[in-house]
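Next come two complexes, and both contain subunit A; in the first it sits with subunit B, in the second with subunit C.
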Partner chain A sequence: MAIKSSKETAVSVGFLSPFMLLFGIFLIFPIFYSFYLSFFGSPTDYSLSNLEFVGLDNYVRIFTDFQFWWSLMVTAVYGLLTIPLGIAASLALALLLDNKLFGKSFFRSAFFLPNVLDMLVVGVIWTLIYAPKFGALAQLTTFIMSEDNFFNTTGLLGSPYTALPAVVFAMVLKGAGFGMVLFLAALQNIPQAVYEAADIDGASEWQKFWNITVPLLKPIIVFMGITGVIGALNAFTEIYAMTSGGPQVVIGGETVGSTSVAGYYLYKQFESGNYGYAAAISYMLLIITLGITWLQQRLAARKSAQEVGK
Partner chain B sequence: MISQHGGKMSPVRVFIFIVLLAALISISYVVSGQLFKFGGMVITAFAASDGMPVGDGAAPASADVMLKLVPVFNGLAIILTIALTILTVRWYIGTKAEERATFLKKMFLYEALVIGVVVVLFPFFWMLCTSFKPSGQELIINKSNPFDIVPSEPTLQNFKKVLKIDAASVAMASEDPIEQKKNFGTYFLNSLLVATTAAFLVTLFASMGAYVFSKKELPYKQQIFMLLLATMMIPGMMFMVPQFFMICQMGMFGTKWAMFLPHLASVFGIFMLKQFMDTIPNSLLEAAQIDGASEWQVFRVVIVPLAFPIILTLFLLTFLFHWSNFLWQLIVTNFENPLSITLPVGLALFRGQYTSELGLIMSASCFSIVPIAVLFLFAQRYFIEGMTQGAVKE
Partner chain C sequence: MDEKKIIIVAIIAYLALVFVCWDDSIDKTRDGRTILAFWHTYNDLEEKILKDVIKEWEAQNASFTIRPVRIPFDGHKPKLRTALTVGQGPDMARVDWSFVCELARKNAVVDLETFNFSQIRGQYLKAPLETGLIDGKYYGIPDQTTCVAMFYNKKMFVDAGLDPMVPPTWEKFIEVGKKLTDSSRGQYAFAMSNTLWWNLPFFNTFGAKIISADGKKSELNSDKAIAALELMASLVNEHKIEAGAWRPGAISPEQGFVNGKYAMILMGPWNLAKFNNTKMDYGVGLIPAGPAGTSTNVGGTDTVIFKHSPYAKECYDFLTFFTNAKNQARWCSELNQLPINLGAYDLVEFENEHLKTFMEQMKHARVNPVVTSYGLLEDMVNPEMEAVLSGQKTAKEALTSAAAKIEERILNQ
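And now, the complex of A and B:
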């Protein structure tokens, strides 16, 4: 037996080693390497090998860096807009489609299609739609209103108040089909008998929606919340494509980008050669992500414990 | 929902019907008119005299063709709309009075869904239309009908320019061959090569690994699997700085290898394949072993064919990931070398040079959007199931 199991182990190692090799080099090692790099500053010359050692300075700098905390706040706002709107839009589409309809699979595919398309390209197209003077929106509003309207002079992406909501609108439309498919599958699993029982009790459509449909869809809503948080913390491409972090605003004497989310700020630090600082920021983001995930799981666990208690 | 009015005519219901009918007429006319015109426009653009040959001709002949075709498209759209209206009215009259509320609900549903599709897909339709518009005319809108966005003078000039096969670029080719190489044909091939190689290697390594986790013995197997899953919690941004340093120190900056090498270990892929392989009965493997199959043969002849749908799903999803992996490809691209520029990076670069040339940017965008949309058309089942699978398991 011992011979057989050691042979089995050898075969297993053989099958697994290509993956584990890549996993170790490109996913495990970088976690420690990044920590090492976070004690260094910018390169002293044009090669990457001569970084200046700065000790704990990068971590001290994070706590006094207003732009970093501002970018975290923008990220939070971005998430707080995208997640509820995304859930609402996909639920609305799913409720429309959850009927006996001719051509149902056509609608399902059409709504899902934007999900598979490249984020950067979609962002560029939306930038051109929002663009003042030559964008699609500016052309339409000029036709309806005077030439001197907001969409034609400034454009949605040109004002610090509307830039982030405009990005959110584009991203919600791009992602709505994904949540729709999830909701649709869940809706079709709800037995019709539950609704019939509610009908007998004289429940209105609205009551049925809030007291039957929504609680039964809760796992999907929670899932979309979690992926939405991760999506907001990883947001970069849509901001790069549509606003480049701008338009700039001055708050308390500091110039900050009104759409500069954490991911974009990290890239900016990287691009300007502050590699050590960028590594320190990414550690900070890791801690925040793990904290939020832990909190969400605690909440979910407590909720389900309460339900069992009932 | 069943009406209390019984067989009597309800004025409210008739009013709702008329409103919905008006919406139906306008939606049908605009959507079908634009789609007909779009189809004719694409054919005209390719068939017209300035279509295929390289070089700037005189006034585009496509405009003359379109001038004759537009009334035909309008007529078709009107006929279709009238037919649809008559059918709907007859249908409504033929419906029993107590079922009319359901009929109106259905009608509303369809209209809402069609409007939804129009809103969601409008950016891509506008992209296609604008990419055929002659330079300088992107800004002009049809004053009599602002919903008419299909160009009336289609041209392929934009596509020729982004492929650098127009007269001006060809003349420059011998002077600056590197600049000539910087075109979207090259970027498209680069992206295709990177995404296909990556998808092939990821599915190969992930299916070999998943086979071990699902069917084989290995000390500390569960612990290793938990370690893999734990790394899925780490945001991708975390790896940008260290992976960039590693790629540079390996001397691979600006090569095609750098574009995908750090992303070859797909934990998601292992997880997805293991879930599926757990459903393959062990008796099949044992039967193959009794027949004298070697370990590799068991994997290749039993596991791979049985898990093929899920392997194909992983292949397509990985292809998609590397087709759109913008941030990483941006930081390891050497902009001097056109062979290292992929589609999204190329578009970002191109947009910086031609900020307001709508037609050029849109035709460049087509190189990324159209192939994926066509792929989706044929393999949508795999895409939708694969992308939503993680959530359903929850």
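And now, the complex of A and C:
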């Protein structure tokens, strides 16, 4: 028996080893190496062995880097817009398609389709839709209104006040299909008897939604909240494809990108060859992500405990 | 273990073995010739001529062979950085002009004076040659050069009752621009990008410098530079003859020009063939003159030799052969490009009128700013220029801020 078990283990390890090798080289090693790198300055040549040790300087620099804190604030706004709107859009679609609607299979596939597309492709498509002068939105608004309308002259991505909401709108629509599938699965697991009992008690549609549907969907909402926070802190491709961090806005005399999220700022540092500083920023973002996720879970757990107590 | 499992394990083991034992450092051919690796970014047509030139050079250098390796232009900088970091770089490479400074200051490329480059460098056109001049030494041999000139849509000029020609000065440009602009029809006189390289012609026509001659200060906050940026902003905000193509997400100058919406754009010779295919009636003229006359920027590429190559002398020999007058004449006449070798101008009969304009424009080119990280320079300047174009800052405020950042984060690093 023991011989068979060890043989099975050896076979399993054999099959797993190619993946583990790649996993180790391309994921585990970079995680530790970037932590090591965060204590070094920018290289003066192309040899990573000649890096100057700077201790905690990179981490200290983060605290005085206005551009970083600005990018973190943009990330927070991005997250605060995308997460609730994403959850609301997903839930709305799920509720809509949970009914006996004509052609619901088609709509389910149609709403899920953008989620399958690459983020870069979706970003480029929306850039073309938003483009002033010749974009679809500009053409439509010019047809309805006059030539001299905002969508035609400046475009949603051309103004620092509308660029981030425009990116959010595109990303909410892209991600809504995935959330919709999760909510649909959860909705179909809610026993019909609960609603029937509420009907007997004389509950309105809104009361049933708020007091039955939403509490029973809470695990999905929490899951989407946590993955949404991680997604916002990692946001990069959509910004790269749609705005490159712009348009610029002047805050307290400092020119900053109105859509320069932390992930994009990190990329720009890496692109400029500031490997040590970029690594320090990525660890700072990791700490923030872990902190927020921990807080979210604690809050969710506390609320559950309170509800059980009731 | 059954047969199927054994086969799967054997395949996995073989792949792992290949992965671990892969060796890319073979430097001799089977017949004993030494291989010199040349990483380049040429297109199909260019590569074909390159291979012909290689054959000619190999006929005179029987113990060597050049192995051309094509890498994408967009990713050539990170690819070379990574290769150099892990000690797997080529013997020589063709790189963007803006990359030579980084390679030189990071001690990766050979000072060409090692091979008495001063004896032959007079054969190259000054502006592209200077892109390889870093801290008083030459590290790059130019192999291709570009600049921008003013493209104009002849039909739009005629429709507006104007002579189809680029106005000679910026004052006239504004005057003509107002007649060409009809915002109600989405038609604008001019469209511009918002990157430093594309806007260097504005700064150069005002005689403004970005970096001082000793490379220690930024002169971007000079009166000349401020006046140049004020002119750009006035085209957008005061005279309203610019289309807003510099805004994020807007239709690019190139696209709008092809669609007959923008009457004039700054563009390089690389798009001549593409524009010819559209059958549009267009012309190319010199960039309007500012206080310092007409001027333009310098683009293009240089070839460099890496220090780790044990065959640097042979690489130098090949690259000077590749860029000699005869080979440049062939290269430019077949590809419709600007020669970088002065001797080639006597050997080529250019029939393309537009190319002749570019050659004239190139004579007025000014040397580009030399900094270790050109990308970072753009990152410092572009947002500030955008703040001025969008009316959030004055040119003086923006350029003073940009100059301070350049000195702090680039020049004093």
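Basically, the second predicted complex is superposed on the first by the 286 of 310 C-alpha atoms of A that agree within 3 Å, B and C clash if a C-alpha of one lies under 4 Å from a C-alpha of the other, contacts with A are read in each partner's own complex, and residues count from 1 in each chain.
Following the convention adopted for this analysis, a contact is a pair of C-beta atoms (placed from the backbone, for glycine too) under 8 Å apart; a residue touches a chain by one contact, two chains touch by 3 or more.
These figures come from a predicted structure and were not determined experimentally.
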Quiz item: Sharing subunit A, do subunit B and subunit C clash or fit in the superposition?
Solution: clash
Quiz item: Can A:V11 be said to touch subunit B (first), subunit C (second), both, or neither?
Solution: both
Exercise. Please indicate which partner A:L81 is in contact with in the superposed arrangement: first for subunit B, second for subunit C, both, or neither.
Key: neither
Quiz prompt | Partner chain in contact with A:I239 - subunit B first, subunit C second, else both or neither | solution = neither
Quiz item: First (subunit B), second (subunit C), both or neither: which does A:S272 touch?
Solution: second
Quiz prompt | Contacts of A:L137 with subunit B and subunit C, given as first, second, both or neither | solution = neither
Exercise. May I ask you to decide whether A:I221 touches subunit B, subunit C, both, or neither, giving the answer as first, second, both or neither?
Key: neither
Practice problem: Once the structures are superposed on A, label A:M171 by its partner contacts, choosing first (subunit B), second (subunit C), both or neither. | Solution: neither
Practice problem: Name the contact category of A:G158: first (subunit B only), second (subunit C only), both, or neither. | Solution: second
Quiz item: In the superposed arrangement, does subunit B or subunit C reach more residues of subunit A?
Solution: B
Quiz item: In the superposed model, where does subunit B crash into subunit C, at 329-337, 365-373 or 383-391?
Solution: 329-337
Exercise. State which residues of subunit A lie in both footprints, the one left by subunit B and the one left by subunit C.
Key: 11, 14-15, 18, 48, 133-134
Quiz item: Along subunit A, where are the residues that touch subunit B in the complex?
Solution: 5, 8-9, 11-16, 18-20, 22-23, 25-31, 33-34, 37, 48-49, 93, 96-97, 99, 101, 107-122, 124-126, 128-129, 133-134, 136, 139-140, 143-144, 173, 176-178, 181-182, 185, 219-220, 223, 227, 230, 233-234, 236-237, 240-241, 263, 266-267, 270, 275, 278-279, 282-283, 285-286, 289-290, 293
Self-check item: Residues of subunit B that touch subunit A when the two form their complex
Solution: 106, 109-110, 112-113, 116-117, 119-121, 123-124, 126-127, 130, 138-139, 141, 143, 146, 149, 204-206, 208-209, 211-212, 216-219, 221, 224, 228, 231, 233-246, 248-249, 261-265, 267, 270, 295, 299, 320, 323-324, 326-327, 331, 343-344, 347-348, 351, 356, 358, 361-362, 365, 368-369, 372-373, 376-377, 380, 383-384, 387-388, 391-392, 394
Quiz item: Can you list the residues on subunit A that touch subunit C in the complex?
Solution: 11, 14-15, 17-18, 21, 42-48, 127, 130-135, 147-148, 152-158, 160, 163, 242-244, 246-250, 253-257, 268, 271-273
Quiz item: For subunit C, which residues count as touching subunit A in their complex?
Solution: 1, 5, 8-9, 12, 15-16, 81, 84-85, 106-108, 183-186, 243-244, 247-251, 255-256, 259, 261, 373, 375-376, 379, 383-384, 386-387, 390, 392-393, 397-398, 401, 413
